[in-house]
Amino acid sequence: MSLGLIVVLLISPFAGFLINGLFGKWLKGKEKLSGWISALAVFVSFACSIIAFTSVRGGGGMSGDEGILYEWIKGESFAFNIGFHVDALTTVMLLVITGVGFIIHVYSIGYMHGDSGYTRYFAYLNLFVFAMLILVLGNNYLMMFVGWEGVGLCSYLLIGFWYEKQSATDAGKKAFIVNRIGDFGFLLGMFTLFAAFGSLDFTTIFDSADAGNFQQIFGASTLVIATLLLFVGAVGKSAQIPLYVWLPDAMEGPTPVSALIHAATMVTAGVYMIARSAVLYELAETGEVVAWIGVLTAFFAATIALAQNDIKRILAYSTVSQLGYMFVGVGVGAYASGIFHLVTHAFFKGLMFLTAGSVMHAMANELDMRKMGGLRAKMPITHWTFLVGAMAIAGVPFLSGFWSKDEILHSAWAISPVIYGIGLITAFLTAFYMFRLIFVTFYGESRVESGVASHLHESPPVMWVPLAILAIPSALIGLLLGWGGHNSWFHHFTEHVFPKAHGEASGNMLVFMGISSVVGLAGIAFAWIRYRERVPAAEPTHALHKLVANKYYIDEVYNAVIVQPIKNGSHYLLWRILDTGIIDGIVNGVAAAIRLIGGTLRRLQTGLVQAYIVSMVVGIVLFLAYYLFVR
Amino acid sequence: MGLEYYLILSALLFTTGVIGVLIRRNAIIIFMCIELMLNAANLAFVAISRHLGETTGQVFVFFVMTVAAAEVAIGLAIIVSVFKHRQTVNVDEVNSLKG
Amino acid sequence: MPIEINWQLLMPELVIALTLIIVLIFDMFDSISKTILGWLTIVGAGIALWVSIQMQQAGTVGTQFNDMFKVDSFSLFFNIIFLISTILVALISLSYLGKDDRKQGPYYLLILLATLGMMLMAAGNELIVVFLGLELMSLSLYVLAGYFRDNPVSSEAGMKYLLLGAFASAFFLYGIALIYGGAGTTSIPGIASNLTAESQSPLLLGGMFLLIVGFGFKVAIVPFHQWAPDVYEGAPTTIAAFISAGPKAAGFAAFLRIFMEALPAMQSQWGDVIILLAMLTMTVGNVIAIAQTNIKRMLAYSSIAHAGYVLIGLAAANNEGISSVMLYLLVYCVMNIGAFGAVILAKTTDGECLTISDYAGLGFRKPLLGLFMTLMLLSLAGFPPTAGFVGKFYIFKSAVQAGHTWLVIIGAINTAISAFYYLRVVVTMYMREPEEELEFSPYPSTLVVGLILAVIGVLFIGILPSLLLNSVQNSVL
Amino acid sequence: MLIDYLPILLLGLFAVLFAGINLALTHILGPKRPTRAKLSVYESGVQPVGDARQRFTIRFDLIAMLFIIFDIEVVFLYPWAVVFRKFSETSGLFILVEMLVFIGILFLGYIYAWKKGGLTWD
């Protein structure tokens, strides 16, 4: 594998961004051209990814010095390089990003048809792919951070894409602010690593960490602090408790964006980061924290999804929940399983978002499933593809989600049966809410408003073909790559990347698979019993339902506890206890003081020529006095 | 006669110019005071040149005179354009740019 | 005594002078469209730039006119900075001046004259030449600042710049006179050889000090900075961009040349003054910038603060310091002209958007403008991977090497303060809702081209600094 | 010593005499038909009597500035003329051309001012 290949892989979407960004004016009338250019750009990357993949499979790869493109800046005792790290993990991510990315680009050509910001949309989308590629290709934390910020920026721009809608810009702001908290953690983690290792290169850090050859800046807990800080970054980016609140709101963006950025790729960056830093998490033994946060998020988000009626929101909470599973996987040391779930999830969740988009397309942007029903007849392809996705996520045997989820749960059992138990309950809930969605939307009586019903139609080929294409891997990829559980092809492919899992998975795998299947099918059956004929009530009836339907009032709680105190400047007790509150107060105080000084000094600028001359002369006199008397 | 007398004279001239710039309010007179400062420098150049017995300083004066003339031409033009807008050349009244 | 002139050595200056004369002649004929003059300027400066780069790569060195004029890698590198600034400013001016044909002739003439002055300053090996270059540049700038004669604010800016600038020039000249008296010569190598540790008369000390005042004014160092915000605000925006870029670099070029080549023996005298001025300049510039509401004034204070950062490199007074200053000035010119260009781009049908709150919501409504502005401001704030970060990194590194750790800490604090007001504009663009819907004019393509060039420069240097860095490190005095 | 200044004294005397004789001759020989306009002092069309601080038209300023600019350049001609002989043997042509270029540029500037209407009164 040559560096040139990776450079082409990386630059291609950037070129697409430039063409769409700069020549948007000329592309205005030629929508199709604009869309296909950017899709082609991603396809080129996809082709390069396949070459890179075959090369890695043949034992190739790129790490350490051979991946260095050039030296970026150099200090006294350190140097930052621009370079790439390509191994099995990287190529898996590359294939997901460019593969799913390409399909979603194609889908967008149809979906965004007629939008006034057509070229702007594709410019942002290509820029996103570019940033995501930097994130996974970099051979050091600095490049990862640059990509990390880049995808965050694109996500923000795309959430607020329809800026005329107040809710869209609000959602963008929320995503931005919440992510800053996470990024701050990531940044601090990076600083800690740099202070300890004097470098940010993966190879250097992992080798020195293995050898115990680094500066213990926080005593023996250096690595613990560093990994936890990095995890804060992951919590923000991958929407885990307590920073998950931005992701459901992010659904304000165009649906293909939700599919690509907020389901398949960007939100999984945190999982990728932990898998990449596996060596550090193993040494620091902080994986359990990750797993606990993950499983709690998985359960919590699944309960919220139970009572939502907005299709995209259900999918969003489902994403949060599935991301929780991935964290459980990487947290319990089953890195390959976590990444495997990332891959399968990218396909089936991407698929479901796109079908949701197809439904929206037909329903004139209606998202409330209570106003749907019986869509199966009018939109057969959408129905079937969605069904495949839902079965995959519900863990129906032999579909992709079944394999990856089962591996994670199996590995979790070895670490903590409690995590396993919660994970199993979540699996039941997942199957239940997904099929609730299916039954209410596609089955039963049609509740579609008459005006909309008349032009209810299946989506055009440019949209349904991608759905069909995505449905195939959603169904089969688990079987192909995951057959054999911990001895599967996927595990063999990635075995050199990750440290050996510390707890050997115990118990008979078939038993676990059986339990998972039963739980998943039970969820589906329960949904069938309950929602085959019925429609969710317009208003939640009892207290628990109300609590869940209102997402545990978390947004309201955050608003009351964090946002309002800041806004009012009043210091609630809780706020004051928190260290951040005090630190924040100091920061704000300093800012206010500086502003005050600035405002005062500003008055010296009177606009009078002679005042300026006086200040010059005073300056001269003072300096002369300094020479005459001080020295 | 010693060099220092010339230098003291030139320093006095220069200071007079600075004080003029500081206390006068009419832009044109301020400008003339600046010219006075330039001429103080010229005087110093000539005196030093004579003291050293070489001509660089003298040549310098020629250039400074030319520059001063160009400066006067430009300066008057700019002051005139300010006057056209405000009907005054009092620098205290020309202060719309500040902060 | 036959006179030999090495024409090749003078090529960049000659090209500019020739362009100047051609523009002058073309401007005499009303039948010729005046927009040609702008393009002539760009072409002329482009040729001069190409020549300068060739000479710089070839390592041309030589003196001319009895050692009064010195061409070396240092002066050629600064030529490159000046010419890049001139080309960028001419590009953003083409649409700014609009179709008002009559006015454009003198405008480009004066820009070329100022450029010639800057080139003389960088190549001056004799205080006379430096002074003449400085005045040629300054006189042109006084006129340019007051260029919109119909606009009272522009005239006011011109008058303030003129009065204060002439005042500072007088100090500068008097400083030269004193150095002439103290060292017995005005030639830069001559001063250096006449100057020994024991022969330092008060004349020299005073002269050196007055030179600092003169340069301090031209590059806007606190407390000689107060002209800058008023002039930047009042002057045409393109000219504000021009004044903030090339002339500042020229001031530092001559500053470096005189202090590092003629007065290195007095470093113990000027070293700590420079450190003090650097601290003062950074802090005052950044702190007042926070309180600004007009974007041109904010950029003015920011440019004052940037002069402070450059002084850090000067205070280091080693090869690292000089090369980092040169790199920084190039970076600074590109990003600052880019920032002013973005201000020009934000033009409504009523005129320019100058109040920062006017930028609310522009990030989404005008994505290209948002992108340009954000990139330039991030670069000014010194975020990686932009050129601004690379520039600051090497400045700070040189100071650490010279042992000025405290200076670097203050510089870093100032960088943090500056991020506050730069990012405020970005936040306004992306996070605030506009109070009223403004009608925006379409983008002029020449302006967009100029901005794209600036963006390419900022990102190129930011992502691939090593290419430029080698060239800079070979160009130190 | 003092005798060296004799030519200057003679020059002064000659100047005084020349002026005096001319004035006397016109006074004696000229016809006198005085009118009010003729008796007034000639000052470029400006009323010579009255407050000296009165405003007069800005166009004087423009002409004066142009005059200063082109007049001051003569300063460079003198040193040039003084050293010309010394160099005329080796590179006289070069120095001549150099000065011609200088004057040429000045001339170009003059034409420019003219073309731009700097010399027209209104």
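Order as written gives the chain letters A, B, C and D; numbering starts at 1 within each chain.
Everything that follows uses one rule, which is that contacts are C-beta pairs under 8 Å (C-beta built on N, C-alpha and C of every residue); 3 or more make two chains touch, one makes a residue touch a chain.
Keep in mind the model is a prediction, meaning the values are calculated, not measured.
*Asks:* Averaging the CA atoms per chain, pick out the one whose centre lands closest to the mean of every protein CA shown.
*Replies:* Going by the distance between chain centres and the overall C-alpha centre, it is C.
*Asks:* If I rank A-B and A-C by number of C-beta contact pairs, which comes first?
*Replies:* Of A-B and A-C, more C-beta pairs in contact link A-C.
*Asks:* Where the CA atoms of chain A average out and where those of chain B average out, how many Å apart are those spots?
*Replies:* Chain centres of chain A and chain B, defined by C-alpha means, are spaced 67 Å apart.
*Asks:* Roughly how far is chain A from chain C, centre to centre by C-alpha average, rounded to an integer in Å?
*Replies:* Centre separation, chain A to chain C: 43 Å.
*Asks:* Take the average of all CA coordinates in chain C, do the same for chain D, and state the distance between these two points in whole angstrom.
*Replies:* Chain centroid spacing, chain C to chain D, equals 41 Å.
*Asks:* How big is the gap, in whole Å, between where the Cα atoms of chain B centre and where those of chain D centre?
*Replies:* So the centroids are 24 Å from each other.
*Asks:* Scan chain C for residues touching two or more other chains and write them down.
*Replies:* Residues 159-160, 163, 167, 171, 229-230, 292 of chain C each touch two or more of the other chains.
*Asks:* Out of chain A, which residues touch more than one other chain, so two or more?
*Replies:* Chain A, residues with two or more chain partners: 602, 605, 607, 609, 613.
*Asks:* Among the residues of chain B, pick out those that touch two or more other chains and give their numbers.
*Replies:* Within chain B, the residues that touch at least two other chains are 21, 30, 59, 70, 77, 91, 94, 96-99.
*Asks:* Going by the touch rule stated at the top, which chains touch which?
*Replies:* According to the stated criterion, the contacting chain pairs are A-B, A-C, B-C, B-D, C-D.
*Asks:* Contact residues on chain D for chain C in the complex?
*Replies:* Counting only chain D, the residues touching chain C are 87, 90-91, 94-95, 105, 108-109, 111-112, 115-116.
*Asks:* What residues of chain B sit close enough to touch chain D in their complex?
*Replies:* Counting only chain B, the residues touching chain D are 59, 62, 65-66, 69-70, 72-73, 76-77, 80.
*Asks:* Spell out the part of chain C that touches chain B in their complex, as residue ranges.
*Replies:* Checking each residue of chain C against chain B gives 128, 131-132, 135, 139, 142-143, 146, 149, 152-153, 155-160, 162-163, 166-167, 169-171, 173-174, 176-178, 180-181, 184-186, 229-230, 233-234, 292, 294, 297.
*Asks:* Quick check: in the complex, which residue numbers of chain D touch chain B?
*Replies:* Touching chain B: residues 58, 61, 65-66, 68-69, 71-73, 75-76, 79 of chain D.
*Asks:* Using the touch definition from the top, list the residues of chain B that touch chain C in their complex.
*Replies:* The touching residues are 3, 7, 10, 14, 17, 21, 27, 30-31, 34, 37-38, 40-41, 44-45, 48-49, 51-52, 56-57, 59-60, 63-64, 67, 70-71, 74-75, 77-79, 81-82, 84-86, 91, 94, 96-99.
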